[in-house]
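These are the structures in question, set out in turn.
Next come two complexes, and both contain subunit A; in the first it sits with subunit B, in the second with subunit C.
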Partner chain A sequence: MNDLLSLVDWSRAQFALTAMYHWLFVPLTLGLAVIVGIMETIYYRTGKAEWKHITKFWMKLFGINFAVGVATGIILEFQFGTNWSNYSWFVGDIFGAPLAIEGIMAFFMEATFLAVMFFGWDKVSKGFHLASTWLTCLGATISALWILVANAWMQYPVGMTFNPDTVRNEMTDFAAVALSPVALNKFFHSVTAGWVLGAVFVVGVSAWFLLKKRHVSYALKSIRIASWVGLAGILLVAYTGDGSAYEVAQKQPMKLAAMEGIYHGNKGQEFIAVGILNPQKEYDDNQDPFCFKIGVPGILSFLATRDANGFVPGINDILQGGYPTTNFAGDSIIAPSAQEKMQQGRAAIAALGDYRNARERNDSMAADSALQTLRDNYEYFGYGYIEDEAQLIPSVPMVFYSFHIMITLGGYFILFFIAILILERKQLLEKLRWVLWICLWSIPLGYICLQSGWIVAEVGRQPWTIQDILPTYASISAIEVSAVQTTFWLFAIIFTVLLVAEVSILVKQIKKGFNPQPVKNK
Partner chain B sequence: MTLDFSFYQHYWWFLISLLGAVLVFLLFVQGGQTLLVTIGKDEPRKSMLVNSLGRKWELTFTTLVVFGGAFFASFPLFYSTSFGGAYWLWMAILFSFIIQAVSYEFRSKPNNILGRKTYDAFLLINGVVGSVLLGVAVSTFFTGAEFSIDKGNLLSVGEPVISTWDNPLHGLEAIASLPNLLLGFAVLFLSRVLGALYFINNIDDATVYTRSRQSVLYNSIIFVVLFLAYVAFLLTAAGYETEGGSVMERPYKYLYNLLEQPIIATGFILGVAGVLYGIIRTLVSRKYRYGIWWTGIGTVFTVLCLLLLAGYNNTPYYPSLTSPESSLTISNSSSSLFTLQVMSVVSLLIPFVAAYIIYTWRQMNAKRITADEIEHTTDKY
Partner chain C sequence: MDNISTKRPPGYAKRIWYFYRDGFREMTVGKTLWALILIKLFILFFILKLFFFPDFLSTKGNTDDESRARYVGTELVERGVQ
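Moving on to the complex of A and B:
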């Protein structure tokens, strides 16, 4: 069992490493694609050379970033097979489809039109080039759609049924998978977060030009477009963030409890605006979970239940059960305790074994009866692998602090883009050097904000790969821990080197400025 | 023909085989990467070659990724068994593609930390390792692998993994097999032939043209020898046959597959003929620049038919050497009927995808790359 836990931890670490690296590059791709698309559209409509220079400058930075996104992306797809092979069989019938659709619908579009976008300036018509730029953007966005549909399905597994003969879950309703409310919220939340990051990047880099008093007109034009994209993006992020929180409250209450550090829930639950967790706190002791906090009463209840007096369960409530809630099918029930869920999970696993034995003996009566037991208890199948209820609690500090960093920075970016738009309109931006420095230093804040969001979503759902159906320990491949350790370090080294190289190249390209002349080959 | 479960399983094995076949054709990028030194020599010429390939590398890369995704969606048991088991083989392939993905973009950019030579070395490594190991991996569809599958393992809470690999080398053992290596190197030399043919088609430069033709000559000789040796091995090899759930060994299984499926046999012969015609025409007629299409489309036909031989006609496409009854067939490893149907609807998009790829290819390749163009543009690698 220790080996298994260690294997799970290393496999998780490797997935987290590769996914977080990937998520450094993808949002910039999503955001810059929109901004570059708008810039080229202006060039197409006005025909002014300055807009072509502006477009090509940001496009070059887009390309450098895109390459690393591709390099880190390939491993994510194949890793489901290499490191999560049990998962790949158990839910591959549902999970594989979005990945394949992503490839067919999105990746070819991106790859094909990207080449036109970079190298087609003198080879294709202006209109076809513009279309290619937007199709690259569309391809990247569709790609995000399908991978987030896949991710959302892990958080809220709908549209499937368990087949005891093939011993896996099988898709029964594609629309339910593709259009689940969790998927749609996740998609818009993540893509518009990408717009925000792209916008912060463009504003920050342009501010650097203003500080250096270079390309002032180009920089101001870039800032204007990026700020509008950023403002639109952050407002949509806030809106879909609210939707996401509501979905989490309904479907993953443990994640919500961890996000807010709630151990004992209440009606009219307060929303913690700022707080420091008590590091000594264990879930089963009576210590105060907070050393310090400022909360606003009723707000969390309103966000989670759309009723300021609604009940929000805490970690212990979820473990002990006994409060009114709705089950997966949407019926009103009294929440079962973790122990009851674990019993049901074990009953489901045992029933699966009985079913297989009965089938081998051709005893259809026994098979039917076992199958009924399995179906009755399947909702909590994954709890059968849980040995101790404490395993059901994700890391509260990680989720709590990530969540609060994310929303604090989100609030900051709303003010940021409004302020920049006003200052730019009043032509004050160039003069206020301290604001320009803030713009520049907001770039890393954008990355921190987005990485935090990812941590909330993924660490918050632990221990589940598929919510309530399959925990991480039952999802892995049977390989040696040392093999995963080796590939972990290989990825860590190679991705870090690539990141350093990318940043170094980006900085150099930015310093070269807009519209550089070709350099002859030596 | 009824549209039953078996139809969809055969349809998806066809699509997977087609994607694999197109991937091998598009390995001309990898082959070209191994020729940068021999055909490129000086930096301006090398730059032309890199930029010629650089406008296509994403297509190959994407095809590999889509091949993986489609395989996952249609035959998930292969995905979980082979990727999770032959860990090191697949990881080596993936690493070789990770380093490729940045190399074009980064190689000639200032301040790229590692220096141009390193990125060019990455391209060479990807060209050799990627091609050879993909060939090795495909060969295991015929030569098999050491794994066993017990879905009952899911019931054991302490050790729930259903697919286990029975060789501690986790995939590296595939490289030690002579037939696998034959196919691996056959793919490498084929990709070099295709790479050289692509340069001939896409670059307007007398020196590149001459060197590429030489390259076609000696690489195709090596390729033909390796390929014939592999075909001889395959047609004399025994294989598994599934009949009503049981797995039996059958001598000359793949030869019989060829004889019993005349359409596939015809496609295979036409494919090989196409490959050879493109090569020979390029070698005999000076100024001929379209060999890539004959050899490329011939490659698609040949590989498609080879993969169909592996999976059709009650043949397990992934034979298990340690537990024959665990062998993967297109029926025991596929997704559910419903999922295959949904995916089949999505697959109707493929002709549109192919159409826009072909359209943009023609737009972008209408004029050949010249030294002059590369020298006077900022839009280059």
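Moving on to the complex of A and C:
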């Protein structure tokens, strides 16, 4: 048991390392693609050569990021087959479909038009080139859609039925999977977060040019475009973030409780604006969860239930049950306790065993009876692997602090883009060097914000790989811990080398600056 | 009359070939990036996938869907809390 838990921890760490590394490149690709598309559209409409120079410069940086980041996600798929084989088999049909669509449709679309984007200047018409740039952007975005649909299904498993003969969940309703509210919110939230990162990157790099007094006109024009994209992006992030939080409140209340450090829920629940958690706090003691906090009454209730006086359950409420809620099917129920769910989960797993034995004996009556028990209790199948209710609580400090770092930086970026737009419009930006330094140092803040969001989404749903259906403990393959440790360090080295390569190539290209040669307008 | 070329323009296939050939030839930073991509793909598929990430279910002798279902089914039942 302990070996298996250690194996789970190492495999999770490896998956997290790979996913977070992959998530360094993806949002910048999504954001730069939009910004480059807008810049080229201006070139297309005005015919001014300066916009071609500007577009080509940022397009080159987009290309470097794309090239270094491409295929880093494939490693995640390797891990599914080796480390998480039970999970892979259990969900194969559902998880496979979005990933296959992503691989076949989106990636090939992206790759085809990427070539025109880079090789096609002055060789294809301006209109076709512009269309290729936007289609590359669209391809990258659709790619993200299918990955996020697959991820959202794990957080909110709908549109499937479990087949005990194949031991797989089989898709019964593609639209329910692809268009679930969790998937849609997650998609728009992640993609628009990518716009914000792309915008911060462009503003930061352009600020560096202003600090060096190089390419001032190009840098200011880049900042103007990026700041508008960034402002639009961060406002959409806030809007979709609200939608995501509402969905979390309905479908993953434990995650919301961890995000806000709530142990005992209330009506008119306050939203913790700033807080320091009590590190000694255990879920079953009476200590104050916070050493210090500033909360705004009623706000969390409103965000979670759309009623400022609505009840938001805390960790202990969720474990004890007994409050009105809705199940996955949307029916109003009284929340069962963790113990009741664990009993149902155990009954479901036992029924799966009984069904398989009955089928081997060709005892159809016993098989039918077991199947009925399995179906009746399948909603809480994963709870059958939980020994102690404390295992149902994710790491509260990690989720709480990540969430608050994310929203604090989100608020910062709203003010940041508004301030930059005003200063640029008043022609003050290049004179205020301290502001330019803030712009430059905001680039790592953008990455921290996005990585924090990912930690909230993924650590917050622990112990589940599939919410309520399968925990990490049951998903893992029975492999040697040492094998996972070896590949973990191997990845850490490879990723570091790739990251150093990317940063050095990017820095070299940035230092070269915009192409100052005059370009003949077409 | 002398200025009019009698040469036929290249067909679509040739034009696409020239487009890619010239594009690759004219690359500057792109050559470094292609080298990086190829090295990365080699490490991913010929080292990591081949030596470190086998298909776990196949290594257990489960080569067809029926045996895989049996193996995973047994795992899921045995790991449940009794």
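The working rule: the second predicted complex is superposed on the first by the 512 of 522 C-alpha atoms of A that agree within 3 Å, B and C clash if a C-alpha of one lies under 4 Å from a C-alpha of the other, contacts with A are read in each partner's own complex, and residues count from 1 in each chain.
In the analysis below, a contact is a pair of C-beta atoms (placed from the backbone, for glycine too) under 8 Å apart; a residue touches a chain by one contact, two chains touch by 3 or more.
Bear in mind the structure is a predicted one, so any value in this text is a computation, not a measurement.
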item: Fit or clash - subunit C, subunit B, common subunit A; value: clash
item: Which of subunit B and subunit C A:64 touches, first, second, both or neither; value: both
item: Subunit C versus subunit B, contacts on subunit A by residue; value: B
item: Contacts of A:174 with subunit B and subunit C, given as first, second, both or neither; value: first
item: Touching partner for A:385 - first (subunit B), second (subunit C), both, neither; value: both
item: Touched partner set for A:78, first subunit B, second subunit C, both or neither; value: both
item: Contacts of A:338 with subunit B and subunit C, given as first, second, both or neither; value: neither
item: Partner chain in contact with A:94 - subunit B first, subunit C second, else both or neither; value: first
item: Contacts of A:504 with subunit B and subunit C, given as first, second, both or neither; value: first
item: Residues of subunit A contacting subunit B in one complex and subunit C in the other; value: 63-64, 67-68, 70-71, 74-75, 78, 81-83, 85-86, 89-90, 115, 118-120, 123, 166-168, 349-350, 352-353, 356, 384-385, 387, 473-474, 477-479, 483, 487, 490, 494, 498, 501, 505, 509
item: For the subunit A and subunit B complex, residues of the former touching the latter; value: 1, 4, 56, 63-64, 66-68, 70-75, 77-78, 80-90, 92-97, 99-105, 107-116, 118-124, 128, 132, 163, 166-168, 170-172, 174, 349-350, 352-353, 356, 384-385, 387, 473-474, 476-479, 483, 487, 490, 494, 497-498, 500-502, 504-505, 507-509, 516-518, 520-522
item: List of subunit B residues in touch with subunit A within their complex; value: 43-44, 47, 51, 55-56, 58-59, 61-62, 64-66, 68-70, 72-74, 76-77, 79-85, 87-88, 90-91, 94-95, 97-99, 101-102, 104-106, 109-114, 151-152, 154-155, 157-165, 170, 335-336, 338-339, 342-343, 346-347, 349-350, 353, 356-357, 360, 363-364, 366-367, 374-380
item: Footprint of subunit C on subunit A - complex, ascending; value: 60, 63-64, 67-68, 70-71, 74-75, 78-79, 81-83, 85-86, 89-90, 115, 118-120, 123, 164-168, 342, 345-346, 349-350, 352-353, 356, 384-387, 473-474, 477-479, 483, 486-487, 490, 494, 498, 501, 505, 509
item: Subunit C residues touching subunit A - in the complex, by the definition given at the top; value: 19-20, 22-24, 26, 29-30, 32-34, 36-37, 40-41, 43-44, 48-49, 52-57, 65, 68-69, 72-73, 75-77, 79-82
